[in-house]
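Scrolling down, you'll hit the structures one after another.
First chain A sits with chain B, and in the next complex the same chain sits with chain C.
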Partner chain A sequence: MKDFIIPWDDKDMGTPAKEGAPVTLTIDGFDVTVPEGTSVMRAAAEAGLSIPKLCATDSLEAFGSCRLCVVEIEGRRGTPASCTTPVAPGMVVHTQSSKVKKIRKGVMELYISDHPLDCLTCAANGDCELQDMAGVVGLRDVRYEPGRNHFEVRGATGANPEYIPADTSNPYFTYDPQKCIVCSRCVRACEEVQGTFALTIEGRGFESRVSAGAMGDDFLSSDCVSCGACVQACPTATLQEKSVIELGTPERSVVTTCAYCGVGCSFKAELNGDELVRMVPYKHGKANRGHSCVKGRFAYGYATHQDRILNPMIRDSIDQPWKEVSWDEALSFAADRMRGLQEKYGRRSIGVITSSRCTNEETYLVQKLARGVFMNNNTDTCARVCHSPTGYGLGQTFGTSAGTQDFDSVEHTDVVIVIGANPTDGHPVFASRLKKRLRAGAKLIVIDPRRTDLVKSAHIKASHHLALRPGTNVAVVTALAHTIVTEGLMDEAYIRDRCDWDEFQEYAEFVSDPRHSPEATELLTGVPAAELRAAARLFAKGGNGAIYYGLGVTEHSQGSTTVIGIANLAMLTGNVGRKGVGVNPLRGQNNVQGSCDMGSFPHELPGYRHVKGDEVRNIFETAWGVTIDPEPGLRIPNMLDAAVEGTFKGLYCQGEDILQSDPDTKHVAAGLAAMECVIVHDLFLNETANYAHVFLPGSTFLEKDGTFTNAERRINRVRKVMAPKNGYADWEVTMMLANAMGAGWTYTHPSQIMEEIAATTPSFANVTYEMLEERGSVQWPCNDANPDGTPLMHVDGFVRGKGRFIVTEYVATDEKTGPRFPLLLTTGRILSQYNVGAQTRRTANVVWHDQDVLEIHPHDAEVRGVKDGDYVRLASRSGETTLRATITDRVSPGVVYTTFHHPDTQANVITTDFSDWATNCPEYKVTAVQVSPSNGPSEWQEDYAAQAERSRRILPAAE
Partner chain B sequence: MPAQSTSAPQVPVEDLKALIDSQMHLEGPLLPILHAIQHAHGHVPQVAVPLIADALNISKAEVHGVMSFYHDFREVPAGRHVVKICRAEACQAVGAKALADAALAKLGLEWHGTTANGAVTIEPVYCLGLCASGPAAMVDNRVVGRLDAAKLETLLAEAGA
Partner chain C sequence: MSPEKMVMMANQIAKFFSSQPGDDQAEKVAAHINDFWEPRMRAQLLDHAKAGGEGFDPLVVSAIGHVREPA
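Up next is the complex of A and B:
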């Protein structure tokens, strides 16, 4: 049996839970009360009785095809399927009458007559519902003689024409039609859970087979996005993880949290000993509700990839090869250098960058290292380059630097605005939940320069796609507000009740100005005025309106202004403070919310409290026994500027690859090269490590305890499922570095760090590991006022008191197109790759995306003589690179698009160092560029590749 | 005339799009679209599948699922004449199986095969409603009862097999 660390019930209830008035019925003599609409099958499961089933599972609506779950109901004719029969008051059900038992045995006999009897050598042995059901119904004999079947490779008269060999085209799972019982669970999972509709049943009758895509497709060439929902739904070995085929059935499992995007899916890591066999989405996970995407489900192979560095390394200068040393030597080398730099160049000459990939506890320790050991506030985090405007904008308008809803809220929404986000690629599990709601009738408005999959894909169509020119978000959002205010569509009662009325009037006057009308800004934004007005009316009057946004909002010179504009829209229409509404930033990284919460910013102590506040500093000074610098420290771009100037000399960078992810790569490289001690703490020799003097090997999320906080403020436990291959969890490494510098920290478990966080940070006051163990997860604020946490924010009023309207004047970015650079480049993500690709490039996910490509409109391509698949040179004022072109009308004329997952493309050589006025968040989403045909890699790319090669040399360890 | 009808002739995408558009006003237009294309071109070419999926905003797999469910939707054109021989119980009881086997053997075809000259495609059918006068067959849209070997041979010869 499986050994669950958390003994939550994982039983399959057969059909989904329903909400409704209680109904009482009798099943096999037991009274059971369930909500109206519940199936008899689920009611029986609630009563602790299991009705045999094959085509039913509780993640899918009942289908009624396998006929194994038949029951007898007094007063009804025949033997109805219990999965499709809803309960009725007073119903008397018999699940084990001799009549139904005989039927079930007959059904099973038919199933088995067309199924190979190779259980002992089957990958699903012990984990097969067909096998279980054969046992449950007491099948002892199959009377059918051999005949037409799908499982024999060769029949009596030669090759079996019905036999179809297994489809192994997907890198992570196989489809073996030989074992298929055509229960349609995979097809329904692809439709209902994932929403891709990549699978179907082809043919009819005996010829019915599961088919991926259309005729001639296999799983890889079909629309399949490899989310794994079908594999999970399959009751047999027909759809089976290749890892299970290779390694065998797992014997234990641990519930933990995915370390990819900000959705924060819960997974069961299933293992044999310390060998990870598979990751299975955990059905009680409150963010993902049992669903997953290709990254979390399958792309964990990087954890054991040969490129992983497991021993500490040092070198005197970056032109030398690395030398492997002991932990002690590496740490004292690092500590001596850092202390030396402080003595020579001053206390504020060194700093840290915390990681949004690491746990809350680790992030907290890294900022504590800066504040309590380096004695300065030089701490920043990668949120600087993604969602810092969210923190600022929502803090200013609502009073908290976080999204307002939980993900469940999407099930109650009526109109959704998705702006500057591509959830089907960036936040796939949320996208599936959104698409499910859209299929149920909710309306969608997409504001994006590019035609993303949400705009139109199977069974999904946006009511309005406002394909704006990159960089004009503020103008579009203000024009939406203009329409709402001038047409009187706002929710005045809500505004009077919840918001500052005087500020609203000032704002209303501002947006009513005709220069903000859709007609006035149409030429600028490229959005047809009528379309924009229709979208505004739909959002204002369409019921519960929710706004979801991503980096397409924040990564602009006016990122903070757009966030404020979005908050204004939500307040104007009364859409904050209940289910189904709200303002929801889709966070990029697993713990970017947490790293911001934990005081990673140079001006804020944990809990977003300004470092200038004496009271706040006192709390930490008492807890840490140090004096905290009252002056805010340097942001990442300031650190790099200071490094180039020669005043910033040392950096401890944990789990972030700033060289690849931050804008204007040449400037980043120059800054790093000017430093005298760069300590990189990471899994791999990433691009930043090319400029490092100390490399401290990191641990994966599988190798440590801690917590991640996802985009809905949900604090989820990360559990250690195996020992760190590098010897130490990341929090231990940070502690050892701190202690090498004389800190004297004595944590023995991350739970003690969480105790310190709870003691010092009001929004985490009641969070303990015991509570997380008991409840699974909790959403902050979690304190005496909200002991159960806070799924919805601002329910009875805004956290800051009155919601604040702030005027949003559009100021065009300084990055402008001109004759030399006539196109606008915008950047984004692709489903199979994650961020800089350090992890996903080291998995089989590369079959879907092995290089970054440039999307260009057919018109722009034609005038430049660029053909599909050609190498093109992409140049901006900052630099140039080459990559291959893909010609598509997803982008508008004048706009080109690429991703930044591959270091050999280095899209950030192109991006400029313009940034958000409030938070310095870089303007990744708008760069003026030119595209021209090219023969191959640019000079810079070749130089860079050579330099990277040189700086990654490792000397053989001294014997 | 092509000697082989197994490879589908090219159908211009514009024609397919026009046929799809002609049915879009209907409720549930998928089957009418498939019928319209088959009627115009004698088959539903694979290139039509993504076009139909796009027009109806469904997936390619769904179109394939529906199309493959109905035997009458062809992926490649049939011969100039289609001869369907009943294989249902009543006809089998009066010798339809032997009749069909003999016809197939004579033409050197399997079920669903088309003669080399592209004249005749032979298909099975499960009941034409002529159970009282079996063995029965259908030549294009004309049903024929009380078949015997000679009559079937004449039919095939008339069709040009």
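Up next is the complex of A and C:
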């Protein structure tokens, strides 16, 4: 097994690939056949001939400004730019005639006349296209006399008025105008790839300058989202990673997968030795196609942060300080305690929480620990609190719990519904791909209580924004179905062919009832009926319709019902089973799809098979040599309830911070405090660790081998680029704990764990590390029936056979506003921070978001005497906290919004223990609250901070 | 968990299945509980039913007979 690999060929082909009929031409005497529409430059590159270029790169449409790529074409006048000239049949091209060589040398001479010649001390030395091109064209001297230029700090007559010092405001990269050749690649990348339009070229001719934002802005204060696309596109050192400036150009690289959101971007980790210099988006990554966001591209510094705990620690009780001990001592302490608890309180008194941030292999081992060593099904994962309703809803309607499409599918979509998701913050790289499609003409319907950036931003505008009242998703989705059915807009042929017709008729009768009409529900949902009807018509008749949704759908009392409603809408309109359509849950964490696939839920074994099935249990009983409990185990909220009750006593929690991320913090704290052995396995002393007795240091995604599965079911390799700073990869730690409890596991590499997964789980049957090495990635199901994996699901029919329409009656949540708590709080996240912030708060990303703030509408603020930036007290029936207010009409009157990235605000002390009816997924998105002016932290915040500080004390190591 | 919370969770399930067509809603409520409720939760549910089932939705009451007794 190769741990270190050289990335596959990622040569820059100059212009993007095209699809079309084959065209054959001759370049420098070689015949080349390429798709129609391909540029001459790309055709030459396909033939292995590189035409010099500066303003062209294959992530951007050709621009034709640098004139370096000129060629001669027989029968055509002049010297056309090869980047903007499409191929034609029989074309005869010469790339190295004396005429074009002379032109190129002249062009380079002009460029270099206004460029500093400090190559040896330049951060891009060895990684500079200008330098390369000077070499390629054979530039040997520059005939121009010194004169006006942009690079000298001082000229002959004093300060150089053209010189602009470098803009170092962004924490991760610099903009150094003296090195700029005004090729516009950065500006085009910001527009075409990222879709933010933060950059422009200001001025004309010699005055032309790259400029971020408006006059007076720097990169940090502009609209720039720090995705790195401009840095990636820059051919010189003008836009340069600060890490490269500091550490030097990297000499080796390893392709791996980002450990942030569920998009699962592929990156090249570029290093010197074991020092990570930068993360660069990998252009052959099938999820991200060479793009990245500020988290994956830049926010990896947490991996080496001083707060990382590298030695195991134990303590008898949580009021004591931690004591650093050897791995052996920590593991036998943990194993003895856990076994002791089972002896005293019973087999089902302990359990695990698997990590959606760890690999498939690690997650598989943690649930195996519960099932095969603890001998119970008390295993759950963070998906409980995010997409468990997706599992239930899509399982019931389609027959399997996963998104139906790959991300490429969005390029074939005509109408998109985004419901309860804010992809420009939560799934930024997917959002960029979506925005690109929208700019090309696709229509957008946003269903969200807030005016998210997708509703209107640069060159994007939703056709309809249904700004519903939190908690009314089911009513809105059912009203959309009502309109489609009663106006006869459904795809009857599709329904007859693919779905259960009897169930459809019952469903049609249900939704046709006038009480589900947009007019009847308008007062409840707050969505104007005419707008809703127009949206329904657009979705039903606008061509390929795709639905993307997030936690704004699932985290409700009726989360599962809304997922079912979304599946109904897709089936009604014939929008499942081909490119450009489908139902696409945007998964939150990097491997939350994988952790669900791997059997993390307490009711199902790997591959979504219920533990009650004898046949399924037999497979694992034979493989593991144990007897598996046929009863479902406890879900996270049930574990906490049982803990408070005194029947659940021990927890092994890997890479998850339930105290901060789970709702009703006081209840979570009470549950944890009631346990007698809490084992936290993490990078940092997180909030949950305040209540832990054993701390096992974790490893980062850079320090281990494995696989992550993203939201499109794509299994991507995670590769070890450096040794674990804590000594062991997480799968090894779990194995050591299991073995301390007598398991006798003998894995020596994660590939062996994948072999076991493939042998026991039909949807992974043909997945091997060799295959992933060869193909880069594969989408499950991957087995004999689908040897190449499955980019699109339900193509010839639904997995379960006939698609099921299920009635979706709206039931109001019991969480209601009233005189004491008149506002509705909904929660979410922000681009620069990730989940509980344990990683991103330990990076320079805090410059964009250093605290959680409360978004409140001007009307609600005014009647409460709250001004922008004021401290406010936010209270619900569960608890209260304080944070600063920001006044904005992004939220409707009556609705307030905040994020949960910072432990000192702890938004979850406010959220309640109400949950989805089917899955217990908490209702984070609807909490009745009151907001009032405040002077500072609440008593609870002060107590919490004091307890946290006490709990984090570590005794000096014994000599 | 508190009896109120358990009753609420059971009633939420009943509320969903009561809206479904057919005449096997009670079986469906019980099947859902059997599939997703851990034995000690089912025991609490059954004990509460035996003690009179205060607060239960009528559909929960009719589902009780189909809920599997924990071993």
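Just so it is clear, the second predicted complex is superposed on the first by the 953 of 959 C-alpha atoms of A that agree within 3 Å, B and C clash if a C-alpha of one lies under 4 Å from a C-alpha of the other, contacts with A are read in each partner's own complex, and residues count from 1 in each chain.
Heads up, the rule we're going with is that a residue touches a chain if its C-beta (ideal position, glycine included) is under 8 Å from a C-beta of that chain, and two chains touch if they have at least 3 such contacts.
Here the structure is a predicted model, which means the values were calculated and not measured.
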Partner chain(s) touched by A:809 [first = chain B, second = chain C, both, neither]: second
Contacts of A:245 with chain B and chain C, given as first, second, both or neither: neither
Which superposed partner A:202 touches (first chain B, second chain C, both, neither): first
Which of chain B and chain C A:847 touches, first, second, both or neither: neither
Touching partner for A:529 - first (chain B), second (chain C), both, neither: neither
Partner chain(s) touched by A:142 [first = chain B, second = chain C, both, neither]: neither
Per-residue contact with chain A, leading partner among chain C and chain B: C
Chain B versus chain C as contact partner of A:799, first or second or both or neither: neither
Chain B and chain C contact sites that coincide on chain A, given as residue numbers: none
For the chain A and chain C complex, residues of the former touching the latter: 348, 377-378, 506, 510, 557, 560-561, 602-603, 610, 612, 631-635, 638, 641-642, 644-645, 647, 806-807, 809, 811, 814, 913, 915, 917-920
Complex contacts: residues of chain C adjacent to chain A: 1-2, 5, 8-9, 12-13, 15-16, 19-21, 32, 34-41, 70-71
Of all residues in chain A, those that touch chain B in their complex: 196-204, 211-217, 222-223, 456-461
Complex interface listing, chain B residues touching chain A: 46, 49-50, 53, 57-65, 68-69, 75
